[in-house]
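Chain lettering (A, B, C and D) follows the sequence in which the chains are written, and residue indices restart at 1 in each chain.
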Amino acid sequence: MGFTAAVAGASGYAGGELLRLLLAHPNIEVGTLTAGGNAGSRLGEHQPHLLPLADRVLAETTVDNLAGHDVVFLALPHGQSGALAQQLGESVTIVDCGADFRLADPGEWERFYGSPHAGTWPYGLPEMPGGREALSGARRVAVPGCHVTAATLALFPALDAELVLPEAVAVGVTGTSGAGKSPKPHLLGSEVMGAVAPYGVGGGHRHNPEIVQNLSRVAGEPVTLNFTPVLAPMPRGILTTTSAPLRERVTTDRVRDAYQRRFGDEPFVRLLPEGTWPTTAMTLGANTTLVQVTVDEDAGRLVAIAALDNLTKGTAGGALQSANIALGLGETVGLPVAGVAP
Amino acid sequence: MGFTAAVAGASGYAGGELLRLLLAHPNIEVGTLTAGGNAGSRLGEHQPHLLPLADRVLAETTVDNLAGHDVVFLALPHGQSGALAQQLGESVTIVDCGADFRLADPGEWERFYGSPHAGTWPYGLPEMPGGREALSGARRVAVPGCHVTAATLALFPALDAELVLPEAVAVGVTGTSGAGKSPKPHLLGSEVMGAVAPYGVGGGHRHNPEIVQNLSRVAGEPVTLNFTPVLAPMPRGILTTTSAPLRERVTTDRVRDAYQRRFGDEPFVRLLPEGTWPTTAMTLGANTTLVQVTVDEDAGRLVAIAALDNLTKGTAGGALQSANIALGLGETVGLPVAGVAP
Amino acid sequence: MGFTAAVAGASGYAGGELLRLLLAHPNIEVGTLTAGGNAGSRLGEHQPHLLPLADRVLAETTVDNLAGHDVVFLALPHGQSGALAQQLGESVTIVDCGADFRLADPGEWERFYGSPHAGTWPYGLPEMPGGREALSGARRVAVPGCHVTAATLALFPALDAELVLPEAVAVGVTGTSGAGKSPKPHLLGSEVMGAVAPYGVGGGHRHNPEIVQNLSRVAGEPVTLNFTPVLAPMPRGILTTTSAPLRERVTTDRVRDAYQRRFGDEPFVRLLPEGTWPTTAMTLGANTTLVQVTVDEDAGRLVAIAALDNLTKGTAGGALQSANIALGLGETVGLPVAGVAP
Amino acid sequence: MGFTAAVAGASGYAGGELLRLLLAHPNIEVGTLTAGGNAGSRLGEHQPHLLPLADRVLAETTVDNLAGHDVVFLALPHGQSGALAQQLGESVTIVDCGADFRLADPGEWERFYGSPHAGTWPYGLPEMPGGREALSGARRVAVPGCHVTAATLALFPALDAELVLPEAVAVGVTGTSGAGKSPKPHLLGSEVMGAVAPYGVGGGHRHNPEIVQNLSRVAGEPVTLNFTPVLAPMPRGILTTTSAPLRERVTTDRVRDAYQRRFGDEPFVRLLPEGTWPTTAMTLGANTTLVQVTVDEDAGRLVAIAALDNLTKGTAGGALQSANIALGLGETVGLPVAGVAP
């Protein structure tokens, strides 16, 4: 069973990670690669680590160039996916790594993105309740934001099991690749190394309403969230520390049971053995999310921490996992479970 | 006005930072340097960056070697300070960078350190209400833990101004030097680079009760705290993100006023201009703490973030600042306000 | 065609990388894992990134535990391979990532390792002249040192084509994982980050005589080498800058031709397009070596630079590539050509 | 004795380091700060680590704004210094951190910079033979390039003592701040971390002819140099490994004697004790250069390695050291000898 895939935005970080994973996928062949300003250049100039594709020339990101593939992965700035999808038609499976079709509430979309709401597509987080069903056979997939995947997987089992009040706090420490490849002074190596730097503090990050949306769906009631993303000196990885007030005194064992019920059969999410806390280094290049949870008795809070690679499970790996489901392939096909360490 | 100072634990990270600062101090001369296992070796073997002291030979950490100085800085594992101080006598000013005399509650001491409580000394955080008065002329100083200084300075003005409920959450992202120089596998460069790693999760970190002690004193009521320290790939720096539920709707302006009243005249703590968030890189090698605060309206929480250098303001610089006060010198003498960047 | 493999030294960095690659190998099944001091513990404690093997318990490194596999990979301190190999017998394919059987000259062995010479095994660098032939069907493989692979691949084509005099200079900048997992103060993250540090200067590094051996074989005459390894703040990667005096004025084109002839058909070594220089980041986690070469006309020297991942092509990937040849499998089976970046 | 200093280019890395040092200088007061595109903004936006100057507003880089100071430090792109200097007049001491007045040979200048030669100024490397004399009372100073200071100090004593042939090889591993603050894709943190990357290979780096000029002056004959700069993942620091063929067999002792004669009385250059090799981390933020030298007997080469902080001794500290001499102040006034570590 063979499919072909086009990748739009192939010269960026998400596009590069999609290609790395597709090169190892037994059922999907890499088709046309497109770019914006980098169209016309060799992929090797932008992704020198992808040797087998080094001499591929990047085409313009146009409907014509993307048409004729079974799957199209979009790794574009937000605002472009809707028109491309409409023109590509219903028969093509489109997996959007951008934000356009993630938020259900038009008001929230407009508040955080400042442009008209495009709609919503099936949501690419199979591990959420009902997640797989929504993706099975879907022709459209909205891949979650990287911080969103980490925060959601860290906290939703506690809300689902009604262990905590719907008042969450999260701090997501992330590597720099999530900020993309467009050069800005504060992202220079000289600035980044040695710097731990918060951004989007106080509710302003665009992943904020998306986490709230996910957690509220699972909780069945509105969840408030105070989310602070923090940039750390490493290229990849997110470690998100979440907490919420316990509804009543519970043991760590009971909390672990709730998480184990959720994640015990998941191929890409693992509750670590008690006493072991996840680190970003455990997940580099793998499509995994590692989770640990405990009870802070003095503070009366549940603390759950998740680690993942923002480019793999947080973007391109998550996209491919959802594509596997959408295309009727095995969910885990072609996706690495072992990371690269040290 | 000249003083002499001995440094016990001169081959470690805190000891090295004390010496770097003392070398630039116009009123304190570096006297005897002592060590434990490294006694007998040249300082240059352990602190090759301190060229002017490279050929000093480390003495054993004994009362005899430390005696005869005006000030003794202790940078030792906990448990050793009490006996040394008693034998050195009341006339010597002793500044302890260790934990022994920080906690007032014997129960909390024993719970977190597992040994009998030694007592409490004047607390080396001049910026706290009443802090300077307690240190003026003191012959004993207990220097706060590095995470403690960051979390306390981030949050106490909000509690002092009764803006928030006494239910704090804090995530302190820290460089590796706080873990010391004793080689352990998880602190290897190969493990640390690329890894963001939580530890002491759920209330277990020894700085936890000390932050609670500080915040409760200011609040005038017990404060709960959920504190998660996180190791990041950099040698120095702490960035602590704190939050607490607002008592009522307030504007960011009012919150900033409360902080500005507290810190406006402080020589080493600065509330940054609105919209600028502190980063660890802004404080490298300086005795400063940079703070910013805002209101997360959707979540109904105040968010305050502080950045400092764990070895400077977080340990050795804070120690020297308190020593300056205790000795009757100008509080800011010999302490760098400008950091080293990039 | 299925083989089973045991890995001795599975809790170390080389062992972990072997396992990561074996997990993706279609024809080799991971058998027994052994360790020294870590025997009895779960692999997940030491290699948390290898999720599929997390619950495997490490056996003692003994002949009994290693016996019964088709292949045994040894990732042990030097001095242990010989006895194990003898007892395991001639029918087992043994691939030694250690140094014991690399050097042909007993005098050089004793000078650099201080112990009796154990002998020589077929050498695991298929890209050298005659390299593949020596490995085909071999039951013993000595995997080259990581610096050796980089320096040899950078310079041997120039010697082979008689473009340069046999007087080489090389500086190999390397990540920290080559120093292993045994905790030493100078390898602490606090020491490593921000530090570029030479070691083994002046001819003292143990990879020195091995590079000389390789280059001299190709040159057909004794080659002198001044080699300086330098530690850099990253976990993985080697970038080796080599140069040698040109025999006569030649163009960069002619030099590139000589390299292209050597590497044009190699699956894992690539001469980059003119003007593109290799970086370690291009090779992370891949079994590739990237090479570039030019002429410094003013200095009259050829300059050749190679980059590789010290744990992949430099150790475990090179080992598996040679094992593939020795076992009669396709040389490239199961080995990643695309790296992980950024 | 008080002077005032203007700094042109105050928002860049060299300008920021000049200001950090000037803040601690007892005899020079910080006057006007100027910038190009950043004129009109607060210094705190660009140099948030320089708290005492945070509210200074940057003026345009014009003669009018720079006039009226005793000293003007220029940290500008090359090509601007000549006209500014002429208009500022002979009575102002001008210290140029740029390249314009470094090279004596117009042909070499045009070959490497592609613009007409502006001339030469007294050269700001006091440690070279005759260096101090040339700077005493000078009204113009050309500060050497950062790679140049490292390579020159590493190798000139060996040439001066006629220990080696005039055929040098050097590899300079450098942090990223030397590349400046202008954002380019390859300098992004995501690209830099994990990457060791050569540039200007084969003789193309602009510091190449300047090193050759220095070494040839000392040697009294033309010196050839093969120089390869390499970017490493750290903000600051240069470690340069140099070597050259020995004229005859000499002992390491004799070589060390030659270096000790040169550097024994130098306040900012130190020959380390035998067996200790310099690292960049030993020099962070200090105006020091650490040197070590040995003999590679097998290769018949002398190997000398120097480490320094490219922004301190390599640029701003070296500039201030030369300014001290030019102004008749003590050479070491206000310059840190102890570094910041870890």
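One rule holds for everything that comes next: a contact is a pair of C-beta atoms (placed from the backbone, for glycine too) under 8 Å apart; a residue touches a chain by one contact, two chains touch by 3 or more.
Keep in mind it's a predicted model, so treat the numbers as computed, not measured.
Novice: Measuring between Cα centroids, which chain is at the maximum distance from chain D?
Specialist: With centres defined by C-alpha atoms, farthest from chain D sits A.
Novice: Using CA atoms for the superposition, what rotation angle relates chain A to chain B, in steps of 5 degrees?
Specialist: Nearest-5 rotation angle for the superposition: 180 degrees.
Novice: How many Å are there between the centre of chain B and the centre of chain D, using C-alpha atoms for each centre?
Specialist: Distance between chain centres: 35 Å.
Novice: Quick check: how many Å separate the C-alpha centres of chain B and chain C?
Specialist: The answer is 45 Å.
Novice: Any chance you could list the residues of chain A touching two or more other chains?
Specialist: As it turns out, chain A has residues touching two or more other chains at 13, 177, 188, 190-191, 193-194, 233-236, 279, 281, 284, 342.
Novice: Would you mind writing out the residues of chain D in touch with chain B in their complex?
Specialist: 13, 16, 19-20, 23-24, 44-45, 47-53, 177, 193-194, 235-236, 270, 272-273, 276, 279, 281-286, 288, 290, 336-342
Novice: Which part of chain C faces chain B closely enough to touch in the complex?
Specialist: Residues 13, 175-177, 179, 181, 183-185, 187-194, 233-235.
Novice: Using the touch definition up top, name the residues of chain B that touch chain A in the complex.
Specialist: Against chain A, chain B makes touches at 167, 169, 171, 173, 188, 190-191, 193-199, 201-203, 208, 212, 224-226, 228, 230, 232-237, 239, 241, 243, 252, 277-281, 284, 292, 294-301, 303, 305, 307, 342.
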